[in-house]
Amino acid sequence: MEHLRWLRKDGKWRINFMIGAGLFLLAALLSVIGCFYTPYDPNEMNSAMKNAAPSFQHLFGTDSFGRDVFSRVLKGSRTTFLVGLAVVSIGAVGGTLVGAFTGYFGGKLDLILMRVNDALAAIPSILLALVFVGAFGSGTLQLVLALGLLFIPSFARVVRSGFLVQKEYDYVKNARLMGAGQLRIMFVHILPNTKGSLLSALAIGFNNAVLSEAAMSYLSLGVQPPEPSLGRMLSEAQPYLIRAPWSAIAPGMMILVCVLGVGLMSIEGGEKHD
Amino acid sequence: MRYWVKKTAALLVTLLVAAFLTFLAFEVIPSDAAMTKLGLDATEEEIQALREQLGLNRPLPLRYLSFLADAVRGDFGNSTQYGRSVGELLGGRMPVTLGLAFYSFFLIVAVSLPLGILSARKHGSHGNGGFALLTQLMMAVPPFFLGMILTLVFGIIFKVFTPGAYVPAGEDFFGFLGFMLFPALSVAIPKIGMTVRFLQNSLNEQLTADYVRTAKSKGCNRRRVLWGHVLRNALVPVVTFLSMVMAEILAGSIVIEQVFNLSGVGRLLAVSISHRDYPVVRAIILYATTVVILLNYLSDIACRMLDPRIRQI
Amino acid sequence: MKKHAVLVALLLSLTALCACNGGKTGKNGSDSRSAVVGITQDLDSLDPHKAVAAGTDEVLFNVFEGLVKPSVDGTLVPAVAEDVEIAPDGMSYTFTLREGVKFHNGADVTAEDVVYSIKRCAGLLSDPDPEVKVSSALSVISAVEKKNAGTVVITLKEANTELLGFLTVAIIPENYTEQSTKPVGTGPYRFVSYEPLTSFVVERFPEYYGETPYLEKVTFKICASNDAAFMELLAGTIDIFPYLTEEQASQLTDEYKLEVGASNLVQAMFLNNEFAPFTKPEVRQALCMAVDKQEILNIVAGGKGNIIGSNMFPNFGVYYNKDMETYYTYQPEKAKELLAKAGYNESNPLTFTMKVPSNYDFHVATAQVLVEQYKKIGVEVKLQLIEWPTWLTDVYRGRDYEATIVGLDAALAPSDVVRRYRSDASGNFVNYKSDAYDALFDKAKASVSNEEKITYYKQLQEMLTKDAASVYLQDPAKLVAVNKRFTGYRFYPVYVLDMASIRPEK
Amino acid sequence: MTKDATKGKNSKVLLSVRDLCISFPRPDRSNKMVVDHVSFTLSEGEILGVAGESGSGKSMTALAVMGLLPENAKYEASELSFLGQSLLFSNRKKEEEVRCRLSGSEMAMIFQEPLTSLNPVQTIGTQMEEPLLLHAGQAKEARRELILEALASAGLRNPSELLNQYPHQLSGGMRQRVMIAMALINGPKLLIADEPTTALDVVIEQEIVELIRTLAKERQLSVIFISHNLNVLQKLCDRLIVMKDGKIVEEGSTEQVFSTPVQDYTKKLMSAVVSGPKERAKENAEKETKESTETEAVLRMEELSVIFRKKTSMFHAPLYKTAVNKVSLSVGRGEIFGIVGESGCGKSTLLKTIAGLQKASDGTLSVSQTEAGVQMVFQDPYTSLNPAKKVGWILEEPLRLHTKLTKQERKERVLSMLAETELLPEIAGRHISELSGGQRQRVAIAAALILNPELVLLDEPVSALDVTVQAQILALLLRLQREHGLTYVFVSHDMAVVRKLCDTVMVMKDGRMIECGPAEQVFLNPKEDYTKKLIGSAKESGK
């Protein structure tokens, strides 16, 4: 099993990668379960059981509306991770396109696009998110589009630097001699060689996407209630931090577990391909 | 010399593009300052009268040009929300946000540099070991969640600092340091993880370079190799990275100021956006963009000083 | 390398050290004659005539006074004016001014000041400042003249016996331009300083004509959010905090005592009567029956607050029609039948979107409870959080909504509460059209005799409830935390934070 | 110039190494043995040569002596002593203490890559001063004198000017001289040189070897000189060791090893050195000279020049650099046309222009175009093939672009091409990173020829390869050219290879054609003195 061999490096098991993979699988498993089964209906309220402490009945206790925190975390992580995935893929696809063209062709196109990139990076993310929400109404889709747009500059920069280096290599000249078209050279020949840096950028991108979904919901721009998202649950739980900390700690931990898992995997992942 | 001219031109273009994007943003966001100002039972004529006074009815290009003209003169007009000059408003807020930004930047540099160097020497590649786990953990914590926990633990339970009692640096510097430690930490901790990892990768890369072998062949011991040769080479990419981190700190301060009830520029921005106080918002955006651009300049100068090869362009 | 580890440890301990002592000095002095009041909404203007938000009026109440001012029991007491005489036909009001009333800048209050102030609010000044909020109720004034040094007469275009409730607008010095930066009024407290997003500080006005208040200095501390303010409450840097949620009230430390009163708001799910399903009264009635109001109170406010049945809250005393509260009781089955009659059932469920202003957690929480309760009778409700300014333009002005939840306050005049449902009223964002209602409303407004007014207003409330113009929920409880050092906090029927009544706890 | 072998015997033993083994851990807990029981001794004033191909462990042995092995390397030996002092230590702290005392004062080392061996961010002066600060500690003024004297002794003109310059401002040759000056500044007893001249041009290589020989003689310096270039070793060293797969296969005095090599590996090594004229198949030798003019010219070029416009700044006039200056030539079908010259003479630019990758500024260029057009084989095997793709895919790419063959037909065509270039079929499933340098170049050649192009341009295809592999690739190129009647334009800085392969040769300097004619005529009686100098230094260093 060639992959198993890779798990050992310099005579030591890659512990961190395995911890990371374990955490990520745990988070992914929970959110997948969330799609089909939750012990209680995540939105079902029960005023008698407000802010109940964690018990067998309610693994993570209940929140200020008497809703089961464990079910909400399951459903919420599904929403948050889907948003994370969607945002990071928009960012990656958009970033790759922008990065490829600016890196490969350079010249005026490079100058203009890079300036727009810097401008986008300088503008605070909540303003742009607001523009989207203002223009298209608030909701998960608008949030995904807004954040996706914001993630394009960072990916573009990674891909562009990759292309700047690769396009000087002889195999690109060879490809041109063989009559391959510009687009084919860019996306069939050069792109696979930037896979290493793109992969680690994807991992970091996913983490930032999950964290910014949480921040956006904190400023009540993201997912609309009563639909649970980890960020929304955190912001709703803040006033009850002292009396019912579990309703804040549970979503917080879920974010931590997933982001830490992806982070640990990204260290090794990056190395594998460079 | 030519390099600097080109650099300034590029940065000015970024500034203009940022200003235009902000301007466009406000055209798209529905509702306007006049209606928000006059509230529920304002009549139609009153709203039009106020729009007239605030010059909101002028055609779009005209407004944009007048905005640019004012900005150049440093006059950002009056806030529709508070009726006071934007400059005065920002002036009051600036020390809080800048204090937070520089304090967390100081923490980041003071903590991650020694940690990065320490770990590079001991652990070799970043991959394994508890150290990598620690840095990843730091990067994984959502800042405002950290802020909440810090306030709860240190503010309420251990009463190390009193939440909300912002002590301006002017009055009592140590009080300021004491209070701001926790907001600064919640901004800094995720960034410390990133910087340590970045510094470690850069150091490890340099440690395998040929000139390190030459240095050892000259008789340098591990310490002299690290401090005399490798560190300076490794710092060049780190400086650019740190200028990027500083830009992120400024953006991140919006949420942290909310959690710690600091009335800084970040919170003013959040409030102004929700009140459609356009003059304040565009001033803050320009301020933020200029700060980011200045940082680019500084990191460029630092890079040129550190690495003679760049000087040559 | 050891050296560096030591360096880092030293550095961290140094910062932690100064954290301990630094933090402490933050606590304000314990001299008892000053107090810090926590508020969560920043003042939108220091000029009383330009202030719009209720959160600003309640603070400026301490600095400004009108000809008359509201009292605790809902009546209007003389302030700058010593006495008022309303003409029998309700067409003119004559005010005799109080002797020796001084402005904070030391100048005496003259008739010219009064005329200027009233004209400014009624929009009768020659070159009106567009930022001044012209109250529509005062638009009925045709002229304001100075009869002699001590009396001012206000004549109306049409009869209105309830104008007095609106004449609490602030009296300010004539042509004083710096009202929005250095406000001057006649109230018990004088302006000291204002730092946007941070604090608004006032001090006792020695030459106040009335009883001088106990507190010498009051700081209104503007907090980022309700939670941030609560953290400060727990840390003891705030003495009085009037926006406590039920949850926070249960965690109060023993340094504070809890005062419970009414917010004087009508919180309801306002239905856009022109939106297709809501044009049918039985659908609206079904929505009223499907709501378990007590359950809402239990979840959102721990059971506190008063359930209301129509568009008025209890503090209006005699005018309030109490038995509307129990007109609709929780009958989900009956609600389903009504909906079925109107053509809505499992196969064709009633669905609508509820727009809720995102900055009011209380309304957002109520909305979520409603969504669940309506789900029980097969009604699907989608929530959409929007920003306050967007709510103003889209919902209030544009009437582009299906349903919304908000709390509406009112001046101390019964007509002001129900004025909104008159078909041509500018604030009728509910699009409620009923000729019978309009006729009855006009009669009530113009009637001179009090008994007649009471019966008419009760009938108006009954009409609204029967017709289910909106789903009326509650007048939320107002929970106020007051430091044990003080006592004497009093609740008013209007949005007011009266600091003059605070006394030390003996 | 034979060395007197006796001198080595009676002088004191400086360094003795016995049963040295070096290994690296592999993921599956086993260890990869890189150096296997190597033993040798070095006496004072003796120059020991270490020959062997890449991967033979010669560099690892040198690094072990200097204590510069990478972190994860494990080494042990029964004896490793220098001037009586044992270099084997139990704990790391003692090892570092002794190593720091010896390195740079008693023993020193210079490396192969001059570009990266100097610290890019420090001035030459600071880097030169460091060994003095570490070991001697004279006064500032005395140190400055020592540095200037060391730089001068290394043959650098006006050294004072060099002090505050940075490494990137110097040429490769100058940097190697600085390395030598820095190594010898403290008058060490032992100098280890790990392939110091491999990356340099022939002319400069000659000067550096000469410099090392004179310095060694003047200072009674004992030297370990590692190289895969046997001619350099033959000229410089007293004694010779030949290494293969981590073991010493042959040892002896230089003449003995060269005149009567014992091991057949050494013989194979000797014979692989390219020298002598091109073997002409009898029958086409005459044909060649007679009718080369009538055969139809595949490539014709008149007064072709390529000028690069370098914009310095908006205010000054732009700088112009003429890379190729009015070159005219014509290449007939089936001919191998060689272009030779030092690096920077414009030969690569000319090649790129012919391939169409570079636009010519003026002059005419006509290439007889067939469907496959012109193909090219580059020097660096690592970057000339797409690392992310499998070999099969790379070879199929030209077929996908130009032919209508089905997937199956393409597969067959690729397999036949691999066989043609003597590569095993399962290579198709492997990535470039898993192949050796020689195999990669064969794949590159296969990729170039798969569409059987009219004209193949070869840009220094063998100069990055080991000697034995070099010989095989040249033989392959010749065979393919004969079988397919291909036309080559072969560019190189290696005179011997050009002579061995090409029919006609053109010598270039600073973008201009110096001399052009049939290979043997140019080599036996060159007209221009620059050509003489080139051929002379080539013979001198045995190229």
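The first chain written gets the first letter, and so on, giving A, B, C and D; residue counts start at 1 in each chain.
One rule holds for everything that comes next: a contact is a pair of C-beta atoms (placed from the backbone, for glycine too) under 8 Å apart; a residue touches a chain by one contact, two chains touch by 3 or more.
Note that this is a predicted model, so its numbers are computed, not measured.
Enquirer: For which pair of chains is the number of C-beta contacts greatest?
Expert: Result of the pairwise contact count: B-C comes out on top.
Enquirer: For chain B and chain D, let me know how many angstrom lie between their CA-based centres, rounded off.
Expert: 50
Enquirer: Could you state the distance in Å from the CA-based centre of chain A to that of chain B?
Expert: 22
Enquirer: Averaged over CA atoms, how far is the centre of chain C from the centre of chain D? Could you give it in whole Å?
Expert: 86
Enquirer: Once you find the CA centre of chain A and the CA centre of chain C, what distance in Å lies between them?
Expert: From the centre of chain A to the centre of chain C is 42 Å.
Enquirer: Indicate the residues of chain B shared as contacts by at least two other chains.
Expert: Chain B, residues with two or more chain partners: 30, 156, 258-259.
Enquirer: Considering chain D alone, which of its residues make contact with at least two other chains?
Expert: none
Enquirer: Considering chain A alone, which of its residues make contact with at least two other chains?
Expert: 9, 134, 238, 241-242
Enquirer: Looking at the whole structure, which two-chain pairs count as touching?
Expert: Between chains, contact exists in these pairs: A-B, A-C, A-D, B-C, B-D.
Enquirer: Name, in rising order, each residue of chain A that touches chain D in their complex.
Expert: It is residues 5-6, 8-11, 169-171, 173-180, 189, 192-193, 195 of chain A that touch chain D.
Enquirer: Which of the residues in chain B end up touching chain C in this complex?
Expert: Of all residues in chain B, those touching chain C are 30-32, 35-43, 46, 49-50, 52-53, 81-84, 89, 92-93, 110-111, 114-115, 117-118, 121-122, 151, 154-156, 159-167, 172, 174-179, 181-182, 223, 257-263, 267-268, 271, 274-276.
Enquirer: Tell me, which parts of chain D touch chain B in their complex?
Expert: 66-68, 71, 96, 99-105, 108-109, 111, 113, 116-122, 130-131, 134-135, 166, 168-169, 179, 182-183, 312-314
Enquirer: Would you mind writing out the residues of chain A in touch with chain B in their complex?
Expert: Touching chain B from chain A are residues 9, 12, 14-17, 19-20, 111, 115-116, 118-128, 130-131, 134-135, 207, 211, 214-215, 218-219, 234, 238, 241-242, 245, 248, 252, 255-256, 259-260, 263-264, 267-268, 271.
Enquirer: Mind listing the chain B positions that touch chain A in their complex?
Expert: Spelled out, the residues of chain B in touch with chain A are 10, 13-14, 17-18, 21-22, 25, 28-30, 125-129, 132-133, 136-137, 139-145, 148-149, 152, 156, 197, 247, 251, 254-255, 258-259, 269-270, 273, 281, 285, 288-289, 292-293.
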